[in-house]
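Read through the structure below, which is laid out as structure tokens, and then see the notes.
For clarity, chains are labelled A, B, C, D and E in written order, and residue numbers in each chain start from 1.
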Amino acid sequence: MLEVCEVSKKFGSLVANNKISFNVEEGSIVGLIGPNGAGKTTLFNCITGMYRPTSGRVSFQGIDITNLPPYKVARLGAVRTFQIVHSLKEMSVFDNVLIGAYLREKNTEKARELTEQCIEICYLKKLRDNRAGDLAIGLQKRLELARALATNPKLLMLDECMAGLTSTEVNESVNLIKSLRDKGITFLIVEHIMEAVMPIADKVVVLNGGVKIAEDSPEAVVQDNRVIEAYLGQKYGKKCQLNSKERGK
Amino acid sequence: MSEPLLKIDNINCAYDDIPVIFGVSFEVKAKELVAIVGANGAGKSTIMKTIAGLLHPIEGVIRFKGEDISRLRANQILRKGISYVPEGRRLFAKLTVAENLELGAYIEHDRNEIEKRKKEVLNLFPILEERRRQIAETLSGGEQQMLAIARGMMSDPELLMLDELSLGLMPSLVESVMETIVRIKERGTTILLVEQKVQESLEIADRGYVIQTGKIVQAGSSRELLNSDEVKKAYLGL
Amino acid sequence: MFFQIAIDGLLTGMVYALVASGLSLIWGVMDVLNFAHGEFLMLGMYVSYWLGFLMNLDPLISWIASGVFCFLLGVLTYKLIIQHTLSGPSLSALLATFGLSMMLKNIALNRFSPNFRILTGTLLDGKRIFLGNIVLPLPQLITSIFALVVVFIIYYIIKRTRLGWAIQATAMDKSAAELMGINTEKIFLLVFGLGGLCVGIAGGLLPSYLAVHPEVGGLFSLIAFVCVAMGGFGSIPGALLAALLIGLVEALSGFYIAPVFKYVAVFGLYLLIVMVRPKGLFGW
Amino acid sequence: MKYGCFVILLFQIIKSCINIFFSLKELFYLSYLILPISTVTILNYYLISANFKLKTEGGVRKYYKSFYLSLENILIFLRRKTEVNFCKKISVIVLTVLLAVTVASGAAFAQEKVIKIGTLFPLTGSVALAGTRCKAAVEAAVEVINNAHPEIQVPLAGQEGILDGYKIVLVHADHQGKADIAKAEAERLFNQEKVYSIIGCYNSACTAPASLVAEREGKIFMCGCSSSAALTERGLEYFFRMAPTDQTESLEFCEVMEWMNEAKGANVQTIGIIYENTEFGKHAADEGKAAAAAAGFEVVADVPFSPGATNMNSEVQTLKAKNPDVVFGACLGGDYTLWVRTMKQMDWLPKMCLNYCTGYQDPVITQQLGDDANYFMGGTGYAPEFAELMPAVAAVEKIYEDMVDVPFDSDSIQEAVAVLILAQAIEKAGTLDYDAVRDTLYANEWDSPLSMGGKVAFVPGGQNSKAMSMITQLQGGEYKRVYPVDLATDEVVFPMIPWNER
Amino acid sequence: MIKEDRKKQDLFWYVLVAILILIPFIPRVAANSFTQHVFILILLYASMSQAWNIIGGYCGQVSFGHSVFFGIGAYGAGMAIVKYGIVPWPGIVIGSLIATVVAVAISYPCFKLKGHYFAIATFAIVEIFNRLFMVWYWLNGALGLDYPMLKVGWKNFVWYKTKIPYYYGALILFVIIFGIVRFIERNRFGYYLKAVREDQETAEAVGINSAFIKLAAMALSAFLASFCGAFFVQYNFRVEPPMVMSLHVSMLFVLVTILGGVGTFFGPLLGAMILIPLQEYTRVYWGGLGSGVDLILFGFLIILIMVRQPKGIMGLINEFQNYRNRKRRRIISTEAEIN
């Protein structure tokens, strides 16, 4: 569905992404992990058109989106959320989601219906009239998810949407993502919380220093020494391995 | 039993007239590491901000070393010996590491004292020593977090409050940040910690409080909390 | 001829720099557009004028008084007006300073009458230095030297002292700065005062060659706005460079194109520069 | 009790709403209206030491007094505790709203025999200086008319009022130098204040729309010194202008140049024009260019500049580079001093410099510029040095000087002429009927000791055909008459003495 | 609940228009030409500020350049009448089209700038246009265009003795512009504008072409502004650059909107209702004294309002609503506690 082909991005002398390629298959969940500053967000920006890659090609459903502006990418159905929350602070939760809904529904009444649905899916019903800026960061992240959902996307790209959630909340979100996947939405997820990525991802891509160092199933990735060294750390790596073994049993 | 270092008595807080905290009381004793854990939006950071003086409680008293500080402004509270490392680092992005540290000790005017503290702090975080002349925003996420803690240490506080240190950090860095906290505690600084990562934070803490929708629902030593069923169910996802 | 005009332009540019650096400081730290800046200048000029007129003080001395006066004026403005408007959207401070500018202008009109006034018989009055073909008017020259020195001192304070770091920190993140023990209220107060001080010094020196009247600040503040934006908000060297550039362009275009187009050229230059560098010359 | 204040205010709002539509006057006396006013007044008084205070006009004093009387009420109002912050806020808003909706009531005058005349001048804004002086000139003239001043040799001075005891009452208005405000104020003066006629507006740009209003109302508009020739070419019936136009002056300038060439062998050929780029300056320059072309002089430099300039380096440099023999100047106030000083800095002077009625003829210019002001020339309708030509002026001037501390200049004196002529016409027509007064104005030649030449007569369109001005030159800080020759007192200094030889 | 609120607000809007239509029948107003003048100015400035509000309030691009479009519209009407001696309407249409084109042409590059840089750029544009118009011979430069005596009536849109037709003209302008903004606010375009104001990146990420939205808003805003300018010149019989195309004029639109509440539907109207009478009546009462007492007061009152109510009049109203809501919420929360 999404093909990232040899994408590089340079800021002056700094190489943020160096020839990264991977594919996202339709209906799958792909995790993108790596240390802070590994270039995950930059890659996201390149895919969604916020940045123009220095070289390489990105295509979505067979259409070359490398040089398209972000709004065109979004109209094609590849929608993202942001690492640092970008909620529309002065508007109500409902209006925030409505903005997303308008992408597919020009008619105001229908767009409102769609909005109501998305709000309900993301457990924001109670807060629908609150000012978005008043919400806690975690809720704002959920709001971003709702807004992205309202655009009726084919590919949803989540950038650290679970940071700052407790384990129980993470589990809830994971279930939500699963159910959405079952409805046919493809996911590309950047996340530091391994509990969230490992159980649901069909494939994990690991970046370090702007280079792809691994691309494999989650079980295989946690075994990878390079990944453990660069990212998970010894202690955590072991724990993940244990977890995945348990799950294997 | 001596007077606790920080004693919070039945405070209520509100953002713009929307009440967030309802009658929270707890205390921190000297040289302790206390963790406050809870779900998103439960009001943990609000409590921290209230103690640090960025917000003022509507009702209730905050006592530090027996003195009422609930009406003081942030800069006055710092002078009393409470340092707060805010959520999201809040570094001065365009200044160098050294200047950031210097500002951490803004209330101190004795040059020698500042240099001494700087040396101490840089000892604690050797990585910053290499990057003294670098602009803060060019540091990596982990280094920025280190700098934020280091800056908080520069005022030589008796009580260090750390808010959401692990937010957006990769697992291996979370580990090292936690280790750093333990080291700071061993130096004799009292620490109040707010975390979403319940497991990790309770593992290093002496005591913990669980907070839910603006109220404290559970308190006890960290071992008790880790083993309690409610906590397990609500926060550890087990 | 070219050099003469260029030098005239640079001398004018220095004065703009002094006016603009105060504005830049306020703007950079507090994100407040001070519309009354030109009126601060006007009042500074009046202070200097009256001292010269009533007590025979030379502008070379009375700039101190007008600097102090404008410092206090800035402090008062912050205390009485700006402080209260900061809780609203940033535009409300603009509206308040607009009201202030109207008020100050007309208070001056009311108290001092609309007469234009100029100091005669000052130390520098009409003195000139001849460098070959080029005439250097001494009042402008001294004013520019002052401007350079003051701008440099302000720059030094901002970049190299703890106070300066505190000001920068407050500009970047107010509540974080407060957590460092910086009294941000005091910093704001000081910044507004310093902004007033700069413009007061400029105002103190100007009456030796420019007539004072209640409307004198208008064009100055407009140009100061453009200087600040061209240099990049909060950047003192940026404001200095932009001011020199503006002075130069103003003089050259005034002579080589047509005098009536000189401000068109200045504002056009600004548009051109921000098209290439959207954050100004030294912008972040 | 919490809402007590709020309720009271609400009541006041309702009351004032009713008041708007029914009875308006007591609104003005609502005590809390005075709150903002008195604050400003106090601020005003204590802000700057009284040393610098200029003479305050009587009217203002009266206002101040009434403010202080109501101060007590305000204090009582302020002491009332408002417990809810919200109430405090709303009270401020209400105050301003109330102030805003209070409708003009217009002062009622107890006297019956009154003719109201409106003045419309730029009392604030960039030409406030001239406006203030014009207003004072009108006041001085009215003083002469209303009270018996047998010592003054001006028509109507000896008697009290006109038409057997009618007194003139002035209603002042300020147009801030803006044409839209001038029009609105003219309408208000006619419709609300019910003035008989308007004197104004100094700025030609403001006179144009304001006089249209008068024309439509069929009421008389007296214009003192607006200098745009176009004003009297519109064919208006109720519009009269006293001063010579830019056109007259431009022609005179060219005459002087020709005379200099013939009589003195001055050999001036080229002209540079420097003017502020406003309606006034542009107009003067256009007339100057036309006159120069007609007389066969060459305009080599055409230098408009933005009024309120911060520097005039490039303007003067342009002049210097083109080096014309003669410069026509149309710079007002501060710009004039800046221009002269810049010329001094640049060490350049033309051979001759002729100025329209502008900064040049400001009576304080010699104080401001000292010796630097000397040897400039310009058209002058009046200067204190003309005493022997116009002996009657001095007495009126005394009244005027009491108000603004400077003698008449050629602009402001025309406004005084305008009032006097109007009063004479009413007196002569014997009625207040507009058409009768207009016809009388056209039909007669008026005695006007305040005008140069002593006569005023109007041609269709409203221009004063007897308007004239003289060419003067500043020598030793005094305006010396140099042209026309039969009235000249001094020889013209030609060329101007260079800066370094002064 | 939202739907109810919407209906209530719309009802308020209809009632308001009805009242405004009736105002000239109130004898006090009908007899007093100055009151009429104030009402006309209120409606005109409310409309003009609402036009500004589209780009400055809803879309968040604070432009000080709107007097350029105001002025172009004014010159359109002025040129038609003075230079070509025809009725103003073709001039108005051509003027508004030119204003729209100019708006798009100058804002396309300017929209690259953010925040204050954009504001200062629009400052510069006003000054440039002002100075160019001052020397543009075809437009009579600084001399301005003076209307000759014209035949009274709707054909020329000129009246001399009465102001009632002007009042209704302003009212039509007001209803059209406010109606357009009401329509926009309720629909996709309005929400997109707000989204662009709040965060451009987010807007792009959900498929909004923010550059196009901003340009469209600017074009619409300039188009409407030029009509206001045309009305202004028809009302004043004269057009010259400092009168219609100066920073001061621009500031007034911005001030009115800020005072009322930026980005709110009724903000411009409330702002104009406060600011315009304030300006006119302070001048009437104290302007004649000379020496600027009226402007001192005017400035002082602006400061006073801003210091007391930095969020504008709408902020005050919102505060009042919150106050009521809070009471309601408090009841709800106590109920919850009991449960």
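To be clear about the criterion, contacts are C-beta pairs under 8 Å (C-beta built on N, C-alpha and C of every residue); 3 or more make two chains touch, one makes a residue touch a chain.
This one's a predicted model, so the numbers in the text were calculated from it and none came from an experiment.
The chains that touch chain A as well as chain C are B, E. Chain pair with the larger contact count among D-E and B-C is D-E, by C-beta pairs in contact.
Remark: chain B and chain C have CA centroids separated by 43 Å (rounded to whole angstrom).
Spacing of chain A relative to chain B, judged by their CA centroids, is 30 angstrom. Between the CA-based centres of chain C and chain D the separation comes to 33 Å, rounded to the whole angstrom.
Taking each chain's centre as the average of its CA atoms, chain B and chain E sit 50 Å apart. Contact with two or more other chains is made by residues 106-107, 109-110, 113, 260, 263 of chain C. Not a single residue in chain A touches at least two other chains.
In chain E, the residues touching two or more other chains are 131, 134-135, 291-293, 295-296, 300-301, 308-309. On the chain D side of its complex with chain C, the touching residues are 43-44, 47-48, 51-54, 124-126, 128-129, 131-132, 277, 303-306, 308-311, 313-315, 317-318, 321, 333-334, 337-338, 341, 344-347, 364, 368-370, 372. The residues of chain B lying in touch with chain A in their complex are 15-16, 18, 37-41, 140-142, 164, 167-176, 196, 198-199, 233-237.
Per the touch definition, chain E reaches chain D in the complex via residues 26-28, 32-35, 37, 131, 134-135, 141-144, 146-149, 160-161, 232, 235-238, 240, 242-243, 273-274, 277-278, 280-297, 300-301, 304-305, 308-309, 313, 316, 319-320, 323. Per the touch definition, chain A reaches chain E in the complex via residues 48-50, 69-72, 74-75, 79-82, 86-91, 94-95, 98-100, 102-103, 106, 108, 111, 129, 147-148, 151. Contacts from chain C toward chain E in the complex involve residues 27, 31, 33, 80-81, 84-89, 91-96, 98-107, 109-110, 113, 222, 225-226, 228-229, 233, 260-261, 263-264, 267-268, 270-271, 274-275, 278-280, 283.
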